[in-house]
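Labels run A, B, C, D, E and F following the written order; every chain starts at residue 1.
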Amino acid sequence: MKVICFGEIMLRLSPPNNLRMAQARSLDVQYGGSEANVAVALAQFGAESAFVTRVPDNVVGRSSLGELKKYGVDTSLTQFGGSRLGLYYLEVGAGNRSSKVVYDREGSGMATLQKGIIDWRSIFKDATWFHWSGITPAISESAAEATLEAIEVANELGLTVSCDLNYRSNLWQYGKKPSQIMPQLLRGCSVMLGDGDTIDTYFEIKGSNYKEVFEKTFEAFPKLKYIAMTARRAFHATHNTYKGFLHNGTTLFESKEYDVPDIIDRIGAGDAFMGGLIYCLQKNAPPQYCVEFSAATGALKHSIHSDFHLATAAEVENLMGGNTGGKVSR
Amino acid sequence: MKVICFGEIMLRLSPPNNLRMAQARSLDVQYGGSEANVAVALAQFGAESAFVTRVPDNVVGRSSLGELKKYGVDTSLTQFGGSRLGLYYLEVGAGNRSSKVVYDREGSGMATLQKGIIDWRSIFKDATWFHWSGITPAISESAAEATLEAIEVANELGLTVSCDLNYRSNLWQYGKKPSQIMPQLLRGCSVMLGDGDTIDTYFEIKGSNYKEVFEKTFEAFPKLKYIAMTARRAFHATHNTYKGFLHNGTTLFESKEYDVPDIIDRIGAGDAFMGGLIYCLQKNAPPQYCVEFSAATGALKHSIHSDFHLATAAEVENLMGGNTGGKVSR
Amino acid sequence: MKVICFGEIMLRLSPPNNLRMAQARSLDVQYGGSEANVAVALAQFGAESAFVTRVPDNVVGRSSLGELKKYGVDTSLTQFGGSRLGLYYLEVGAGNRSSKVVYDREGSGMATLQKGIIDWRSIFKDATWFHWSGITPAISESAAEATLEAIEVANELGLTVSCDLNYRSNLWQYGKKPSQIMPQLLRGCSVMLGDGDTIDTYFEIKGSNYKEVFEKTFEAFPKLKYIAMTARRAFHATHNTYKGFLHNGTTLFESKEYDVPDIIDRIGAGDAFMGGLIYCLQKNAPPQYCVEFSAATGALKHSIHSDFHLATAAEVENLMGGNTGGKVSR
Amino acid sequence: MKVICFGEIMLRLSPPNNLRMAQARSLDVQYGGSEANVAVALAQFGAESAFVTRVPDNVVGRSSLGELKKYGVDTSLTQFGGSRLGLYYLEVGAGNRSSKVVYDREGSGMATLQKGIIDWRSIFKDATWFHWSGITPAISESAAEATLEAIEVANELGLTVSCDLNYRSNLWQYGKKPSQIMPQLLRGCSVMLGDGDTIDTYFEIKGSNYKEVFEKTFEAFPKLKYIAMTARRAFHATHNTYKGFLHNGTTLFESKEYDVPDIIDRIGAGDAFMGGLIYCLQKNAPPQYCVEFSAATGALKHSIHSDFHLATAAEVENLMGGNTGGKVSR
Amino acid sequence: MKVICFGEIMLRLSPPNNLRMAQARSLDVQYGGSEANVAVALAQFGAESAFVTRVPDNVVGRSSLGELKKYGVDTSLTQFGGSRLGLYYLEVGAGNRSSKVVYDREGSGMATLQKGIIDWRSIFKDATWFHWSGITPAISESAAEATLEAIEVANELGLTVSCDLNYRSNLWQYGKKPSQIMPQLLRGCSVMLGDGDTIDTYFEIKGSNYKEVFEKTFEAFPKLKYIAMTARRAFHATHNTYKGFLHNGTTLFESKEYDVPDIIDRIGAGDAFMGGLIYCLQKNAPPQYCVEFSAATGALKHSIHSDFHLATAAEVENLMGGNTGGKVSR
Amino acid sequence: MKVICFGEIMLRLSPPNNLRMAQARSLDVQYGGSEANVAVALAQFGAESAFVTRVPDNVVGRSSLGELKKYGVDTSLTQFGGSRLGLYYLEVGAGNRSSKVVYDREGSGMATLQKGIIDWRSIFKDATWFHWSGITPAISESAAEATLEAIEVANELGLTVSCDLNYRSNLWQYGKKPSQIMPQLLRGCSVMLGDGDTIDTYFEIKGSNYKEVFEKTFEAFPKLKYIAMTARRAFHATHNTYKGFLHNGTTLFESKEYDVPDIIDRIGAGDAFMGGLIYCLQKNAPPQYCVEFSAATGALKHSIHSDFHLATAAEVENLMGGNTGGKVSR
């Protein structure tokens, strides 16, 4: 049981202590990216995961890999190349001030990745699952082609393929619309995380509610077995609620809704959810358990600095069991 | 359109991370003062502002000016003099513990400022607005005289004059009561920020509610065109509500009330409000817009470390438009 | 009026800014322990207090004493000995993530303390009160014997003796159950802080509610004059409520319940309560005042980094008087 | 007397306390670039300086300008544009470990700058001096063209033009060799900072020693009046010596050689030297004074964190006068 | 054997990591003052010491006392009064950049101290030694009178009196010259630390070398038994040499000269020397040992952050014995 | 080519910025141990290395493994057990103040390790080299037995075995002298790092110089092929020299001697040397190259925070080639 996650990892730079960028004399360092975050969540749960990416062979690229290795992710499959590691600036909001992200990811190794560079057959040798997200095909046309290649080989070799739709409106700059690219990619997937608006943008499927949208999506993509979604009510930068949904083609399962106050870091909550979902599906857990575990993972993530979900399965289960933080663990 | 703000700037020293003074091995450095804060808010909104003050010509005085310049305030009109920069210690509270301020501002350059030292005619050359606050006349009798001089010249040259009443009970130590000094100063002003209690202390005007007090104040000071006020409900050090009022002589306008949780720094919220108000009035915005923009500025300020309001007009409008922090800006 | 507190002091190491242990490149340093915390609270209130312990004569042991001296506790009665200072790791939780404590206290100076080493007669010379907690007899059988010795001498010399039951399930490893040790120790005490579950564990006294349990305890231990208890509702790691109870053998007094949001550090809240209680009882304050003051101390403690309650009696009274943090103190 | 400096400003990110990149959990923030550094040095000396550049209109680009304004540089002439602020990573060495720079500056606003975008006539209106360096023409062909345009207008308007040759071997990637571009640019300059190797690379002028090289350069570029050079002996990352040379076409002047131990930050030393030189030449100081002042500025820079030379002319003169740091200034 | 040290304690604020004041976003906190530093050195050596001063009764004044208590100094004799704690800013130099001190001590509690406020008889009850320095009489005339009063009572009660001449040219602003005040004060002293220039300034005693000056001083002040002096060669801010001299009226003893590279903090080195000297003289150690121990203390102080000498007598002896830092202590 | 390193890893806690323990409000976190340090150096050079140890299964033990994984060491062979991770406190000296280490390692997982717990046959499956040090047999008799077991299996399976003698006088507390344990262990080794004094302590071999001692050691232990030694002259805590020696049974090779100023961290220099030596010997490099590479590694280590040698082989070769830090790498 080994999950291959494929995508871009970036340096994340944030002013400490909720400072604004102009005030910062130092920037806190994290490394993250949607698919890398999934790999870390899986490794924290004790699952075997590997991250496939393309980073420059310098101290910045190597540091991003070191951080993944530290948390148990296999990075031995990395392609070195490209001239820079993409990065993003994050001003962490509080109360009535939103968090603010400024991307600086042009020209990274993933943007210039091309079909044929990565030997997917060898990478998938011991693997059972392949995970990608809608960010990679949004970076460049050649990256979209490389993604398609990976999905096709994964299908050929019998891996389960999952996708987080992850729409970023500031990407998709290379002249193709998502609806020209994404349907073909989703065709090889059996697990999808997404919401109604993104499904509309990617696949031009509409409906009067998300349940209907999911059902139409199942029809359009016969290989799909599971559609998951997360929902938050966002009162303030530091106070949200969080819950999850999972449709198995037949039934829509909902998790309890978590109150999420005193948020430390909401970046990566969806990736944590995805990691929880893959972890549960791999173990053939019942759908209700899957959605509860995934939602608790996503909710717990809000209390952890970094893009990564750094908590064990036991800690997730502790929250599922009702300890919403009030009981000191000794 | 250039606003001249006149007052004292101080070094602010706070233990980091909500520590108490006795625990601190370092103190966070900010610079601030009511009128300087107004100047910064205006500059952040893209308005032209200058700050007139008197600071010692040493590394501490010069650093206070550098911080203003960084945020776009013109400090070229500074008078150098006096032997020390005033300062204040701030223990930042949380939950049930109040924030605590200890002033150490005696003997600063502003305290020994005298009428005739500053060439107001030259300073006001390109300016359209003059802003001062009730702190300066509270420091020393000579500073009160210098303030009066400035107001008179400003009136002569046709500038709009605004005042934040800003009562500090631990000042006014030089043998005069506010009611002996302030009426004369307010006479030259057309915009005032204050509340009922301070109006009583300064002008001995009472009323059964603030609307009535405002109306009597308009009567007593015929030049006055606008009276503004802010109100907060303060549940805890880190949780308040915030709203604003603006009376234009005819009608009392109220802003929406903001819930303000997870407060980072409430110092300077009133100054941010004042900056928002001058910014809107200068642009002849309608009163309801003025009070909404000013209140949103004050509410947003609570999420920003420092005395200064470091956010753009677009960010204020984002909050006015209903994004109370919950939506990440990408 | 001098209070002798007896127990173990530990180095406390926590990742800064709510980080997890694996993320930490530095650990914040505090020193604390239940009985030392009581001594500090008393000293902050202006009462005379001394702390009796056994620490190694090295830079770590001596640093723990320096921190106590800084806050006004007399440490001149310290026994030097043992090879290490016990320590504990604390991951500070937030929102839905619980705080997590990992103890590393085996082999400390207190664990190898033996009856006869400490000259209690000389230590108690100027003292009027002796305080200990259920942690010391839980460490080792010889430490339990040393505690009994101290209680007996204190009784002989007419000191008031107080005890915080303080059950730690991960201690009591030396082959005796609490119920074999604690009854004999409590016999010499007139003030006790504890809750129903611990009373059951230590003294095998059960009841249908805590009032009944307290009454049975008064019966079983005739020397007891006061039983106190604290109660919290713990919604999240950073949001609790807090209140206190005090039974004087006749009547059960309850404090108001405090809302405790935006918690900075809840470790030591019970010790702060205990310090408040001893402070009030020493001054013969009325029971209702005692429980209100103690509960406000405990509630206020949540806003202070460190095991120690670093706030004055005036600050506690400010909270009792209704300023739940919202009013800046200038 | 106003100096216009033209070039690129970058975000500089360095691990604190000499850590290696892989160890860093935060990166210290500075902003710098050869020509911006010159502008800051001039402003610190009390000279009027402005910096002309092209940065993106986002929080990162604006923060770089704020830092320049703080230190007195006029940034009102900035062109906003481009999608990212270039940056560089700096591992600060010590002892036997070299400092290490990794550039990440592709795609910045300066790289896409084109001739005709900047209105040089308006920029040069009040100015007397124009400074540029060999970095700008190395970035892109269009940036080289924009530089030529600026030099031509400056000459037309009678400004003195200075150039720091500043060879960066990892630039010049756009298909032209320096020797195809630089001669034409230098033709309009009267002050040049450079060394023999760079003169060879740029102008294909060789000689048996630098004096001879300088003389041949004067011959080749008749407008040139001054050639300056710095020299260091670099024993370790934290221990160098530093001295300067200045040839006025007739005579070669040499400064004293400074021992430079316990180096804090050697980045920007050459720019500090250049700032000192422009400052002195503007004041028509004698050549020996010019080279002594410039060399002392460069030597002093090694003791200051950041790319910027943050010290006054009085502090430079203090070092020139023989106080090599040993006397505390009170 | 208890030493009473009398003087002013100040808050010391320094930018971290050798930053300049304008760069600092936080300031490192230390507390210090010449006589307090002596008290701390003595306490670290295991001697009993107390510090007598006058500070305001607020969180800043109390924090300064807490720091002294932490290091073992008795502060129970403090007078509370005055409105502010004096402070000084310290930019810590390196290499060719000098450290820079900016005092801000006007209006402190010591400046307004008056004769008769302090009950010296009660303070000196258990004491054997009284130490003061030339800073206190330089602050104000009333402080000079209070110092004289203390010296007279100390003499009457048979205490040994020591003085560090400690000339500060920026003090002595109250209209008296040192030579009008100091002779009378020195008359009651038997141990003095000073150098030739200060002896000239204070007592108008000149000589062709310091030995001769010392001999004339012994003649002029018959009660004097010891004159000590320190000498440094200051190559750079971070590299000095250090040695000490002690004249016992008969013979001049010299210590070895220490090479002092990689200086962390030279502030307080003279006070450390003084503390070492009192410690040795109190124990009647031979003069050569006294001067060696004192010089090693002063040399070692350069390696310790803070005004305080935080090292044990054993650590000083380790340096005296030849371990100049190269041998790790395990 | 895979090297198995076996030993204890500890948490290392040091006050930041050369503070003393009593001053520290936080402690910098590193993890290290002689054999783990060797494994990291090898991984940084690109060699395959694994670390075998026994740590508790809690956040502290797991964090120590994370740090090793980050730097490329295989930790999948770890035994979980024991109740605590050993630790040590390090006060980092400077100038004339020595660094100071306080160990707190009793009761760790390695101390209670026993023969038979580790399946050496499986661990050595793909390995070619086994490295241990004299620290493990010094911890407890059972750890010594486990070491012997490992050496015997390694010999049986044909691995090269290396040993760093690493004498710690504060260990060896379990009733056996080194000379009763170490000879038997060394018998199975072919590479040894040690010095004359330790050879005497362990094997009772004496000689008039180290060359003679080495020759006698070769005689006594016929399996030995290489004896290496390092030598430093330690002028101050922050200034040493460093060189290496290597005897191949026939000839004694010496490296150049490095001047090592401005030391950041000398802990682990010997382990870095050992890592360099194994790396070179594995590649069958000539002895002179081996000793030069190893000495340069050890010298370079002094410039790197942490126990670990975090530099590549290319960086070591850069130093060997004469760049002693003075040339910035761009």
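The rule is short, and it goes like this: a residue touches a chain if its C-beta (ideal position, glycine included) is under 8 Å from a C-beta of that chain, and two chains touch if they have at least 3 such contacts.
Computed from a predicted structure; not experimentally measured.
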Most distant chain from chain A by Cα centroid: E
Chain pair equivalent in interface to A-B, over half of contacts matched, among A-F, C-E or B-C: B-C
Interface residue overlap between copies chain C and chain E, same or different (over half shared): same
Distance between the centres, which are taken as Cα means, of chain D and chain A, whole angstrom: 44
For chain C paired with chain D, centre-to-centre distance based on mean C-alpha positions, whole Å: 62
Touching two or more other chains - residue numbers and ranges from chain C: 16-17, 20, 22-23, 25, 66, 70-71, 100, 262
Chain A to chain D touching residues, read off their complex: 13, 16, 20-22, 24-29, 58-60, 62-63, 66, 83-85, 89, 91, 100, 102, 104, 106-107
Contact footprint of chain D on chain E as seen in their complex: 17-20, 22-23, 93-101, 103, 168-170, 233-240, 262, 266
Residue ranges of chain E in contact with chain F within the complex: 16-17, 70-71, 258-264, 299-300, 302-306, 310-311, 315, 318-319, 323-330
Chain B to chain D touching residues, read off their complex: 66-67, 69-72
